[in-house]
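Labels A, B, C and D are assigned to the chains in the order they are written; within every chain, residues are numbered from 1.
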Amino acid sequence: MKNKETNRSKNIYEWIENPRITRFLILGFIIICVGLFVSDFFYVRHPYFSIDKLFGFYGIYGFIMFTLIIFASKALRLLAMRTENFYGSKAVDSEEYPNEELDLEKKDVS
Amino acid sequence: MFLNIFPIFLLFFLMLPLSLIFSWKTLRILLLAIPILGFLQILSMDLNTSYVINLMNLELQLVRFDKLTRVFGLIFCLAAFLGNLYAWHVKDKIQQVAAIMYSGSAIGAVFAGDFVTLFFFWEGTAIASVFLIWARRTPAAYHTGMRYLLIQIISGLILLMGTVLHYKYTGSIEFSKLELDSLASWLIFISFGIKCAFPFLHNWLQDSYPAATVTGTVILSAFTTKLAVYALARAFPGTEILIYIGAAMTLFPIFFAEIENDLRRVLAYSLNNQLGFMVVGIGIGTEMALNGTAAHAFAHILYKALLFMSVGAVLFRTGTSKASELGGLYRTMPITATFCLVGAASISAFPLFSGFVTKSLILDAVAYKHYQLIWFILIFASAGVLSHSGIKVPFFAFFSHDSGLRPKEAPFHMLMAMGLTSALCIIIGITPGLLYEYLPFEVSYKPYSTYHVINQLQLLCFAILSFIIIKWLNLLPQEIRSINIDFDIIYRKVIPDFFKHMLGKFEVIIKIISVVKLTLIEIIISLLDKFIGSDGRISRIWSTGNMVLWIAIVLSLILVLNYSTNI
Amino acid sequence: MIGDTLSQVGTLLATHSIYWLFIILMMTGFYIVVSRGNLIKKIIGLNLFQTSVFLFYISIGKVTGGTPPILPMKLKVDDFSVYSNPLPHVLILTAIVVGVATTALGLSLIIRIRESYGTIEESDLLEINRKIFSRENVQDLQQGDLFKDE
Amino acid sequence: MNSPDIITSTKSFLDHLPVLQVLFPFAFAPLCVLFGHRKIALYITISACALAFVISLLLLRQVLIVGVVSYELGGWPPPVGIEYRVDFLNAFLLVLVSGMAFLTSIYLIGTMHAEIEEDKQTLFLTCFLLCISGLLGVLITGDAFNLFVFLEISSLSTYVMVAQGANKDKRALTAAFDYLVMGTIGATFFVIGIGFLYAATGTLNMYDIAERIREDLPNRTIQVAFAFILVGLGLKGALFPLHTWLPKAYSFSPTPTAVFLASTATKVAIYAIIRFLFSVFHSHPSMLESVLINIVMPLGILAMFAAGGIAFYQRDLKRMLAFSSVSQIGYILLGVSFMSTIGLTAAVVHLFNHGISKALLFVCTGIIFLSFGSSFYKNIKGLGRRMPWTSAAFLIGGLSLIGIPGTAGFISKWLLVQAAIEQGSWLIVAAILISSLIAILYVWQVTEIMYFAKSPSTETKEYLGPSSFLIVWILAFSTVFFGLNTSFTVEYSSKAANLLMNNFTMEK
C-alpha cells in the first residue's frame, strides 16, 4: 500500500500504526490518570462548592459526563437524523464541494 | 493629532476602490498589509479618544477608543491578517474584497460610539459576509446565503428599530450600557442575540458556515459572532438573563456536534458552545468575568480559526469535510494534523494552551459569584468541548480508520497561516500576561496554580480515558452520511410546507394572477419599446421639422396658459 | 361680446398693420423651416424668420412724425424736433451680423453634408442616418447577449 | 461690443475683473489664428483659460467681500450703457465654466491630435475660446440684448465645434446642422422676447427692466415676452421636448467638445432662465407660478423619466450620457420650479455637481473612444480589467449620477428631496426616488458590462496620457470631494438662492 522506505522516515505519526507502541502509550496514559487521581492527596485544594470537595471529583465528573455525552448524543441521533438531501437542493449538504476552487493534488504514492 | 483618531475601518474600506484599479498581484499584498497597518495603528492610539462627525444633525461617533475596543480591534485585525494569509491562493477578487470589507465593517462596528454608526456597520458585516458564502457559486450556496443574509438583515433592522425607539425615549444614541427595562433595549438585545446565535436564534450559524468557501469559513468564524459578543459586553454587562442564556448555549450544541457528520458544522456547533462561555461571562458582569469574556473571545478567534483552517486544508485537498469520508490523513498531511491538534488542545483548554488561561477566568468568575448550577454546566460543557472539538475533529479527519485518501500536504501559505496561529495559541497559553495586559480591566489572576492545573488535567484525562474505553467497546456514534434536524426545521420545512399546502387550494386564483401579471408586463414592455426603445417614438432621430414644431407647441402652451389665467 | 372682440381686432389690424405684416413674414419663415425638406430652403426660411424679427425691432424705434436720428451737420438743430429711437437700429446691426454668420455657417455645413451624404434632402438624410443607427443596433442584436463570449 | 479704456482709467486692475473675465478668452481667440501653429495655439488657449479661471476666483472673492459687483462698460452708467453685474449666482457659475474650460483645455493636450484633423486644430481652438467667452459673457452681463449676443457667439462656435466630429462620423454634420436650426430659432425667440420687453419698458438693462415692469400691471406684452424668452432659453438649455438637438450634438461631436458642452453650455442657458425668472420677471409672481407649476415642473419630471428610460435603452456610452444629461436637466428645472430657497439651492448645486460628474463621465468615455475607436457597449466588455483607471473613474461618475452618498450627485438630490418635502408634495419625492432607480438601471447596466462581462482579450489598453489621467482624477476627486465637503457648493448656492428669493418674496 505504501512505500515504507520513503515515507516512514518522513512521518512523525508513524508510531500509531505500531500496536506495541500504542499499547504502551495507552498504558502510560492510564498510569498518568491514576497519578492525577492520587495526586489529590498531595496539594491544598480550594473547592468552590461543597460537591467539588469530593476526592478526585474532577476525574469522576469528567469520566461520567463524557460517557453521558456520547450516549445522550446517540439517543439524540435516533430523533434527529435525516438523509443528506432532507432539505433538497437548497442546502449544501446534498452537493459536493465545487472542484474549481480546490487543489486536489494527490501525494505521489508509488 | 489626526492619526491618533484615524477611523481604521476606512483603511479596510479603501480596498473597494483600490480593487477596481490595481492588479490582483498588488491587491494580494495590500490584503495582507492593511490588517497589519490597522493592528499597528490600534497599538499606537491613545486610550479614551473619540472622533465625532456631525451628519444631518446627528453626532456620529465614528471612533470611540477604550480598552474594550482595543482588545477586540486588535484581534479582529489579527484575524483578518491570518484569514487573508490563509486565502493567499484565492484568485476570486470579489470574494477577497468582500472579506476585507467584512473585517473592516466588523472593526468599524467595534469602534462605533453610537447606535447609528453601529447599525451601519452591523448591516455592513451582513452584506459583505454573504459574498463569502455565495463565492462557492452553487445554487445551494446561493440559497443558504439568502437565508443567512435575511436573518442578518433582520437583526440589523431590529437594531434600527431599537435605536429609533431608544432615541425617542432618551434622546441619546450613544452606544453604552443599557438596562433591559424598555422595548427599545429589548429590541437591541434581541438584535445582538441573533448575531450572537442565542438558542433558537442560532441556526443561521450552523447553516451557513459549512456552506462558505474553504477560506470564507475561516474569516466568517472570526467576526460576526464576536462582534455580537463585544456589543453585548458593551451594552448589557451584568444582565442576569445572559447567564442562563449562555449556559444553555454551552449545553445544547454539544450533543448536536457529537453526531454531526460535516466537520465544519461540528466546528460551527462548537463555536456556538464557546460563545456560551463568553455570554455567561457578560452575564456575570464582574471585572474578572468581562476580562474573561474579552480574553476568551481573543483566544477563541485564534483557535477556532486554526481548527477551521485545518479542516479547510483537508477540504482543499480532498474535496470533502465529511467525517464519514475522511480518516487516516495523518499519513500524508502530518503538519496540518499537528496544527489541528494544537487547535484541539487549545479549545479543550489543556494547560499551556490558550483556552486554559482564558476559560478559567470565566469559570472562576462564575464560581466567585456562587452560581453553582451554572458552574457545573460549564464544567460539563468543557468536557463536551473536548469530546467534539478536541477529539472528534482531529480523530475523524486525521486518524481513525484509513479512508484510502492520500492527499498532498496543505500548500505552504496555509501551513504558514496555521503555523502562526498555532504559535499564537501556544504563546498565549505559556505567557498569559501578554494577553492579560490588553484586557479591559486590571488582571491579578494566576491561571497556573497547582489546583487549577491538576483539576483541569483530571477532567480532561479522565474524559479521554472514557473515550478510549468507549472506542475500545466500539460504542462511539458512527459516522454516517446524514444531517440532523435542528430548530431551523421550523422555518425551512414546516412553515413553507404549511403555506405550500394552504396555497395549493387557491391554485386557480394564483394562475389567473400570474397570467394577468405576465400580460401586463408584456404590454408595458411593448409600450416602452414603442416610445423610448432603441427606435422609439421619442428616442429615434427626429427631423428638424418635428423638432421645430415642438417649439411652437410648447410656446403656444405657455401662451394659452398665460392668457387663460391672467386676464 | 363677439362684436366687441371683432371691433378690437379690427382696430388692432388698422393701427398695428405693420406688426401684422411682420408676423405673417415670421410665420412664413417658420413654416418653411418646418415643412421644406431641402436644407437650403430651410436656411432661407430661417433667414426670413430672423429678418422679420429685425424689421419688428426697427419698427419699434419709429416715433410718429420723428426725423431720422441723424445729427445733420449743416442744418440748424431744432431743439423741439422729434426723432426716432436709434437704439433698435444699433441692436439690429449686431443681430444682422449674427444672422449673416449663422447663414454662412449653415450653408457651409450644407456643402459638407452634400459632400459626405450626396444629398441635401432631409428625408434622405434621415433615412441614411436611421440606417446607420439600425445597423449599429443590429450588430448588437446579432451578438445577442452582451455577456456572451466573443 | 464696447471695450473699456483700461489705460486712461484710474481704476485698479481688480476693478476691471468683470470685463477681463470675458475679454481674455475673447482677445486670445484671434491670436490663435494669427500664430497659426497648433502647438502655440494650444498654449494660448490654455493660458487664456487659466487666466479666466483665476479671474473668476478673484471675482468670487470680491463678491464675498462686496456683495454685488457692478461694472459699467465704457464708462456709461447702467441704464444707458451695458452693465456687467456679478452676484453670488453668476460668480459661482463663472468658476464652474472657467474651471471646466481650463480642465478641457488641458484635456486637449493629450487628445486633440487624435480627435481633430490636423489642419483644423487651430481653428477649433479659436472656436473653443470664442465659445468660452460667449458663455462667460452670458453669465456676467446684465444687459438683455448683450446676453443674446453672447449666447449667439457661444452657439455659433459650438456648431463649428460639433461639426468637427465629421472626420470620425459623418452624422456630426447633420447633428451640427440640426443644432444650428434649432439654436437659431431659440435665439430668435429670445430676441423676440427681448423686443417685447423693450417695447414695454424702453430699456435693456435687466435690473432696470425689472424696476419698470414692476409698476405695470401684468399685461399681454410682458406675458408674451416671458413666454418667448422661456422657450428660447429652454431650447438652449434642453428643456424636455426641446432637447432633441442635444443627444445628437453630444454623441457625434469630438469628445472634448462634448465634455465642455455637457458641463457648461446647458448650464449657462439654465442660468439665464433662472436669471430672467428671479431677477427680471419676479414682479409678476402669479404669472411665474402658473407657468412654472403647470409647464416647467411637469416637463422636468417627464424629462427625468423619459430621458432616463431612453438612456437605459441606448447601446452607446455617449448617447446614454447625453440622454442622462437631459434627465438631469429635468432635476434642475424641477428644483427651479419649486420657487423656494431650498429648491433653488438644489438647482444651483446640481448645476455645479452635475457639471463635474458629467464632465468626468465624458472624459472617461473619450478615453474609451480613443482606445477602442467606439464607445458601444459591445466594445467595452470587461473594460474594468483592460482599463482599470478609466473604468474606476467612470464608476465614480456613474455613482454620482445615481446620487449615492459620498458623491456630489447625492448632495443635490438630497437637497431636491428636501425641497420637495418642504412643498409637501410626496408625489414629487416619489418621482425623484423612482427616477433615481432608473438612473441606477442605466448606470448598473454599464457597470455590469464593464466589470462582469468577459472581455475578448485581457491585455491592458489604456489610451491615457499624463494630461488625460490628471483630468480624469481631478474630476473624480472633486466628484467625491464635493460629495463629502459641501461648504463651498451649498454655501454659495444657498447664498445665491437667498438673494434671488428675496427679490421674489418682496414682491409677494
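Structure notes:
We take it that a contact is a pair of C-beta atoms (placed from the backbone, for glycine too) under 8 Å apart; a residue touches a chain by one contact, two chains touch by 3 or more.
Predicted, not measured: the structure shown is a model, and the values here were computed from it.
Any chain touching chain B that also touches chain C appears here: D.
Chain centres here are C-alpha means, and the one lying farthest from chain C is A. C-beta contact counts were set side by side for A-B and C-D; A-B has more. Averaging C-alpha coordinates per chain places the centre of chain A 27 Å away from that of chain B. Once the centre of each chain is set as its mean CA position, chain A and chain C turn out to be 95 Å apart. Measuring from the averaged C-alpha position of chain C to that of chain D gives a distance of 25 Å. We define each chain's centre as the mean of its Cα atoms; on that basis chain B and chain D are separated by 49 Å. Multi-chain contact residues of chain B, defined as those touching 2 or more other chains: 534, 541, 544, 548. Annotation for chain C: residues touching 2 or more other chains are 30, 33, 42, 129, 137.
Among the residues of chain D, those in touch with two or more other chains are 177, 181, 185, 315.
If you draw each protein chain as a dot and join the dots that touch, the picture is not a line, a loop, a star, or fully joined; it has some other shape.
Touching chain pairs in this entry, ordered by label, are A-B, B-C, B-D, C-D. By the touch criterion given at the top, residues 89-90, 92, 136-141, 143-144, 207, 210-211, 213-214, 254-256, 258-259, 262, 315-321, 330-332, 334, 337-338, 367-368, 370, 372, 375-376, 379-380, 383-384, 386-387, 399, 406-409, 411, 450-451, 454-468, 470, 475-477, 480-486, 492-493 of chain B touch chain A in their complex. Against chain D, the residues of chain C that register as touching in their complex are 30, 33, 39, 42, 46, 49-50, 53, 56-57, 60, 87-88, 91, 94-95, 98, 101-102, 105-106, 109-110, 112-113, 116-117, 125, 129, 132, 136-137, 139-140, 143, 146-147, 149-150. Within the complex formed with chain D, the residues of chain B that make contact are 17, 20-23, 528, 531-534, 536, 538-539, 541-542, 544, 546-548, 550-551, 553-555, 557-559, 561-563, 565-566. Chain B meets chain C in the complex at residues 534-535, 540-541, 543-545, 548-549, 552. Taken together, the chain C residues at the contact with chain B in this complex read 30, 33-35, 42, 122-123, 126, 129-130, 133-134, 137.
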